[in-house]
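Each of the next two complexes has chain A plus one other chain: chain B in the first, chain C in the second.
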Partner chain A sequence: MDLSLSTETVGDRTVVRVGGEIDVYTAPKLREQLVELVNDGSYHLVVDMEGVDFLDSTGLGVLVGGLKRVRAHEGSLRLVCNQERILKIFRITGLTKVFPIHTSVDEAVSATD
Partner chain B sequence: MASELGPLRPAPEPPSTTAPPPRQGTLPEPRSGTGTAPLSVLLVEDDPADALLIETLLADSGLGARPRWASTLADALLALRTRPPQCVLLDLHLPDARGRRVLAEVLAHAAGAAVVVMTGLAGERDGLAAVAAGAQDYLIKDRVDPDLLRRTVSYAVQRKQTEAAAAALQAERLRAEENARLARGLLPVPLLGDVPRVRVTARYRPGRSTALLGGDFYDVVEDDHGVVHAVIGDVSGHGPDAAALGVCLRIAWRTLVLSGVRGPALIRYLERITLAERAGPEMYATVCVLALHPGDPVLRVLRAGHPGLLIRSPTGVRLADPARGPALGLLAGADWTQDEVELPPGGSAVLFTDGLCEGRLGGAGAARLGEDGLVALANRLTGLPGPAFTDGLMADAEAVTTAGDGFADDVAVVLLEPVPHDPGASG
Partner chain C sequence: MATVELLFSALPEHVRTARLVAAAVARRAGVDEAVLDEVRLAVGEACTRAVGLHRMNEVDQPVLVRLTEEEKKFSIEVGDGIPAGPGASGGPAGAGADEADDESRMGLAVISGLVDDVEVTTGPDGGTIRMTWPVSPAAVHQV
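For the complex of A and B:
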């Protein structure tokens, strides 16, 4: 299956819109995108997961890796997700305690810690 | 064709239609394997007269080859990159490089192509040296006739193909051995007493892509007090790193259990091991561990980011969702609490990894089986003995995936059925 990615800058945040399936085959593409953004100096990321149909353990690992990368620059990685199926994965693995999860891109972009 | 490359020129027409006429004394050979595509040959030769000679010989050889011609090493390398031939006929004396360097460069870029070196009359020794250095064969230009050329080129191509097939086979064999070794480490023989207190049915299925061994693991150990401990786990990602961490965590769990470490302390140790042994910061692991005390229907369960477990009774199956903490390797300072799940009389507990319910359902959209779907499938198998239930559940979960193309991820399932240890006592 395929993964689609697009990015957009909103203020000091970079929104990464992800669509499709994040699995062992497509996760490297997402990793590359996140690494590239951090290398280019974007440390405040919002990953919009509304278009994600499936997320497996490799995909979760890539998000965790992304979080560690931005944190090294005192940045942030926020998620936008309303899908129960995906939220459940974050809850089971305990990642709801790691990622701020928002209901909309607007909310994530204006959120402060 | 030939005109795609700079110094190349169109190959001559087949000799039967135009001059030059077939050489005296050579019988027209049947085309190599009637109906098969002609051999693709790259001729690397700076002398136009020699090139014409070889082209004519090739035309007469019956190989059906229309060579492309490169007159410098640079052009030859470009041709190898853009349209790899099956055979390279190589003169070692070129305007931009000579001798061993030419051969080394061409061999390095030839990929699957057979390389046949062409030398002059005095070049027999160069030819032998070229073969020693990796060329398939050599020809002495002034002694070549169409028949010798045909045999040399065909055999060289055939030898090269055999070599490539043997190398691929060897790589495949090594990978299979490596997978088998890791699989043995991930999937052990349960360590139970002489009179087992539980019947264990364990199953493992690799994902669709067998080259990617996953990190699913399980283990079952009975301690000196007759308590049966079980673990199932899943390392994120696939491949040797995930499998190696899985093996590591299983052995660590077994050692900790045998050393008497229990409860949240055991999970904290596994967390430390995960952090210390993982190959990269993206890796994490989920585990579910349980303990079954003799004569006690209550399972002690600890979960770290892992799915729940199925509880079977003689009349049905439900999903138990006991308290859970985060997966191993994700959160600094995380903690876990033990929970209890009651096993009904005559019941059994089924641990599984999430690959079992991640199968993509048929039809449009990306719907997955999910835990509810899994419970529904399991309930259709009520009443079957443990092994038949386990096999049936895996088969059914796989069958509902799109076109039955199998599990994408690894799947491990462990079913634990207490057996009354002393049938005369409480039953």
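For the complex of A and C:
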């Protein structure tokens, strides 16, 4: 399965909906998308992971890279994820302390801190 | 002898194939269904690392994955093909090196966080990550 990406602007946030598998082969596409958004001036990103079937450390690396980029512009990167098997990967790498993880896009879009 | 051996060209697009094969063989060997996601992720991490090392060190030989079913355990070995030596374990140089290095470190963090029984060895033929899971006897060869 490949990676699917779509973006939508909600207020001052840009929601990136990700579907499929994020691994060493597909992660560069996600990286390109995040870099492009930041280069275009979108500094408050919400990455919706509800459609993600598989995530590995390469994907985590891309998300951390995205976070570094938006923070350089005083922006934010929030995640939406309810899937236990994906959340587990964030937990064992300690990244739950790094990313704000929300249960819905609405919650992430309206979050302020 | 391994139950199944898989050799693949060190290209990112083949890591998914390795994950699928490993999960299928693990299931057949009787590894608990609840653990199969972990097997899939761990073997993917080990193969991703091996592909990265092959490419960084310009090693032409394929990545070797050995899946071995034993009486009470199932093990996966992934060789990186890089013999121990100066520079062999160093991070990639050049643009994006920081991110690649972060990813490599996270890959090992994921493996050690997921798998209780992990052994990393280095030898003349290269480094090997060996991961072992218990097999529930009742589940073996269920149809």
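Here, the second predicted complex is superposed on the first by the 113 of 113 C-alpha atoms of A that agree within 3 Å, B and C clash if a C-alpha of one lies under 4 Å from a C-alpha of the other, contacts with A are read in each partner's own complex, and residues count from 1 in each chain.
We take it that a residue touches a chain if its C-beta (ideal position, glycine included) is under 8 Å from a C-beta of that chain, and two chains touch if they have at least 3 such contacts.
As the structure is a prediction and not an experimental result, all values here were calculated from the model.
Asker: Could you classify chain B and chain C on chain A, in the superposed arrangement, as clash or fit?
Answerer: With chain A as the common anchor, chain B and chain C collide in the superposed model.
Asker: Is A:K97 touching anything from chain B or chain C once the two structures are fitted on A? First, second, both or neither.
Answerer: A:K97 sits against chain B, while chain C stays out of touch.
Asker: Could you say whether A:E50 touches chain B, chain C, both of them, or neither, answering first, second, both or neither?
Answerer: Touch status of A:E50: no partner.
Asker: If you count the residues of chain A that each partner touches, which comes out higher, chain B or chain C?
Answerer: B
Asker: After lining up the shared chain so the two structures overlap, which partner does A:L60 touch, if you call chain B first and chain C second: first, second, both or neither?
Answerer: Once the two structures are laid over each other on A, A:L60 reaches both partners.
Asker: Take the contacts of chain A with chain B and those with chain C, and give the residues found in both.
Answerer: Residues 21, 23-24, 54, 56-58, 60-62, 64-65, 85, 92-93 of chain A touch both chain B and chain C.
Asker: Which residues of chain A touch chain B once you look at their complex with the stated criterion?
Answerer: 1, 21, 23-24, 31, 53-54, 56-58, 60-62, 64-65, 68, 85, 92-95, 97-98
Asker: Which residues, counting only chain A, touch chain C once they are in their complex?
Answerer: Per the touch definition, chain A meets chain C at residues 21, 23-25, 54, 56-58, 60-62, 64-65, 85, 89, 92-93.
Asker: Sort out for me which residues of chain B touch chain A in the complex.
Answerer: On the chain B side, the touching residues are 212, 234-238, 280-284, 286, 304-307, 324-327, 330-331, 334, 354, 358, 360, 365-366, 368, 370, 408-409.
Asker: Could you list, by residue number, the parts of chain C that touch chain A in their complex?
Answerer: On the chain C side, the touching residues are 12-13, 15-16, 19, 37, 40-41, 44-45, 48, 51-52, 99-100, 102-103, 106-107, 109-110, 113-114.
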